[in-house]
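Listed after this line are the structures, all set down as structure tokens.
Heads up, the next two complexes both have subunit A, just with different partners, subunit B and then subunit C.
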Partner chain A sequence: MKHNLILRVTAKTLIPPIIIFALYVQFHGDFGPGGGFQAGVILSAAIILYSLLFGLDAAEKVITPTVARILASLGVLIYMGVGFATVLLGGNYLDYSVLADTQVAGQHLGILLVELGVGVTVCSVMLLIFFAFAGRGRP
Partner chain B sequence: MIVKHLSLLLVMLPLAAAPIVAVLPRGRLPWVVGLIVASSCAILASTQLSMVLQSGVISYELGGWAPPWGIEYRIDAVNAFFALLVSIIAAITLPYALLSVEKEIPEHQIPLFYSAFLLCFAGLLGITQTGDIFNVFVFLEISSLSSYALISLGKQRQALTSAYQYLIMGTIGATFYLIGVGLLYSQTGTLNMADMAALLPQVTELRTVHTGFAFILIGIALKLALFPLHLWLPNAYTYAPTVVTVFLAATATKVAVYVMLRILFTIFPDGFVASTPTGDLFILLGITGIIVASIYAIYQTDIKRLLAYSSVAQIGYMVLGIGFASATGLMASMIHLFNHALMKGALFMAVGAIIYRLGICRMDNIQGLGKQMPWTFAAITIAGLSLVGVPGTAGFISKWYLVSAALEQQAWVSVAAILIGSLLAVVYIGKIIESLYFKPVSETNTTVKEAPLFLLLPTWVLVVANIYFGLNTELTVGVAEHAAQVMGVVAK
Partner chain C sequence: MLAIDLLSWFCLISGGLLGTIGAIGMHRFPDFYTRQHAAGVTDVLSAFLILLGLGLQAGLTLAAFKLLLIFMFLYFTSPGASHAVANAAMHAGLKPMADKQD
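Right, the complex of A and B next:
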């Protein structure tokens, strides 16, 4: 990909806004449209775009498959951890209201954490699927 | 606190353990975690059953949202019975898994294998626990997707195609179920089973409801491999790793039968199912399934495949019991699926022990091995007798109840089918025993030794259970009777 100057420059200018947009979708999800799943897909799209232009090896320096695997598990554990935390605080499973002093603050915190877990897992699983397909036949 | 959250923990424990196991280092640690989780689930499930039998229905609101708006776990005798069945089978399968998995799965995939196994386990438990008809679909997909992955890990290359075949059929089944749920939701506006049961009587004459019912029925029939929708099952069971075959054969189709029972007897009002040809259809398909699949089984040369066809036939018996729509029929169905889990589990485990030593288990390869692997051979014989329905084994109890359910309604064809099915079972089990015991040993196999204790012990736990539940029917018949009452099918 050494010769495709235009593509490389365009991608380099596009990738940062894509990541910012992913973070916006992630953290604005509880006020507007969006949420963890969409944010995770957008974030992984940024890394996949990078890998399409600069090669799989460069992308795997950003995030190795092992790290992606750990993150994929971590996201699920964040989600379930919130559930277990609410149980320990005396509520039912995933009853966010007990997470903070007021019910509204609790629901807010709960959904934010849960969606964060979803985002982390979706992003890493998308990358793992991409790595698995793109890496086929590599020594 | 554990008592309050018991029903939830039962599902969340394996679900939380699965991602942890996935990132554990290679070695035996993933297995240890899996074993601990499965055994604690078995303890939790038996506590849950005794709690339900003592003090009635347990209800748990997820997220603190009251039903019918939130998701509710609603446990009565039926749920508790199935949850216990699934977790006990998992707790017996996992000790067996250690050596078998090390032999059949590449080392770097072992943590992922146990992770998928726990996910499948969590999904099956979830189906049995939830009181929300859409939540059933979610758990159905969790268990199905992980079982596709588990089947594809089989050693032979056909494992991939059979997993793919199961994926296509399973997805069609799940989609049909979802379409049906959507149609019912559009007419009742609720997804909670108890709420839907209360609202459905007002709308039963609507065509949408009838269509939804048909979609759900076909979808679940695909999942439980009801003849003639069973085509995915023989391949999937044959090429999956032994442990997966043992676990799925003993639980997955049983849980699908549970969903069928819920739909037919809890959600839809009494007169509705009787006004459709469902009962006759089930009896017809049950009878053809028993006869045709048993005949197919006789002609198989691969023993796993033979047992898989026999499973299709056994599902015929269960569906036959449901088809009678009587208390005895329902009881027979539930007793048979519990007992079938015991006998098929034992048979597949014993066959797995042969595979552990030989790598394959075709009729002509196992000749004469009965003398070299006496314990494995004895396990196959006893579990086989139970499958046939010899008095003194668990199989006899279920056949007894089935025949009495059929006699109650003077369904002579069904009685004949049950008896012919048992005779055909004598033939195919006889074929295995003949090959194992009465044929000379082939020269390549003269050095084959008895399977290791780790494989034999779980197998024999199930074999002994086959005899125990053939003599002491307090648990099976008692719980099935209670469950039939809960389902509202009281002897008419």
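Right, the complex of A and C next:
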């Protein structure tokens, strides 16, 4: 309990910037390096860091495995939903150009939504894998 | 501009030199704690000097601000990581070499 005090204080100051950086990577991914996969991994790394220092039970209060499971499928649903929305609007599958009035705005909106789906799924699947491994010995 | 260039190159070279010294120390020292010492002492200042040199090249731009953010991140994590590794070794019962010999 006492021997990791320094790590706890360091991590407490670092976890919020890590989460903000994950959001930056997520939503800046169409202009710079980044995207949904990287952002999801960074966000789940923040929560895994939290659970390494404060225990698995505390981390599972932040995001329970049930919620993570729902989010994992929700991300795939967003991805698929964008694809089918473009089909319904008269384009090909995942042809973003038909999503908005102009082609550029449509591409922009489409890539943002698809990356959001990827980010949500990657983050929650990473957390689920971590929870499954870390919680092996528990009753 | 020559003065800034000279200062920036001085920072970059001394930062690189410090990193090299840390790497040599990590390679040559005999046991875990002394190696940890060599790496842990040099790495923050080496990173600071390199980032300062790059920041002087960048001037007052967004890139310099990003370099500052990288420095802040290293400033908090690097000593924390050194502490975590040394603490884990101590906790696992690894004795420093000086204690073993007498």
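One rule holds in what follows: the second predicted complex is superposed on the first by the 136 of 139 C-alpha atoms of A that agree within 3 Å, B and C clash if a C-alpha of one lies under 4 Å from a C-alpha of the other, contacts with A are read in each partner's own complex, and residues count from 1 in each chain.
By our rule, a residue touches a chain if its C-beta (ideal position, glycine included) is under 8 Å from a C-beta of that chain, and two chains touch if they have at least 3 such contacts.
In this text, all values refer to a predicted model and were calculated from it rather than measured experimentally.
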Exercise for review: Look at A:30 in the shared chain and tell me whether it touches subunit B only, subunit C only, both, or neither; answer first, second, both or neither.
Suggested key: neither
Exercise for review: Would you check which partner chain A:4 touches, where first means subunit B only, second means subunit C only, and both and neither mean what they say?
Suggested key: second
**Study point:** If touched residues of subunit A are counted for subunit B and for subunit C, the larger one
**Key:** B
Practice item. Answer with first, second, both or neither: which of subunit B and subunit C does A:13 touch in the superposed model? Key: second
**Study point:** subunit B and subunit C footprints on subunit A, overlapping residues
**Key:** none
Review point. Subunit A touches which residues of subunit B in the complex?
Key: 1, 5, 8, 12, 15-16, 18-20, 22-23, 60-64
Exercise for review: Please name which positions on subunit A make contact with subunit C in the complex.
Suggested key: 3-4, 6-7, 10-11, 13-14, 17
Revision key, fill the gap. In their shared complex, subunit A is touched by residues of subunit C numbered 73, 76-77, 80, 83-84, 87, 91
**Study point:** subunit B-facing residues of subunit A, complex
**Key:** 69-70, 72-74, 76-77, 80, 83-84, 87, 91-97
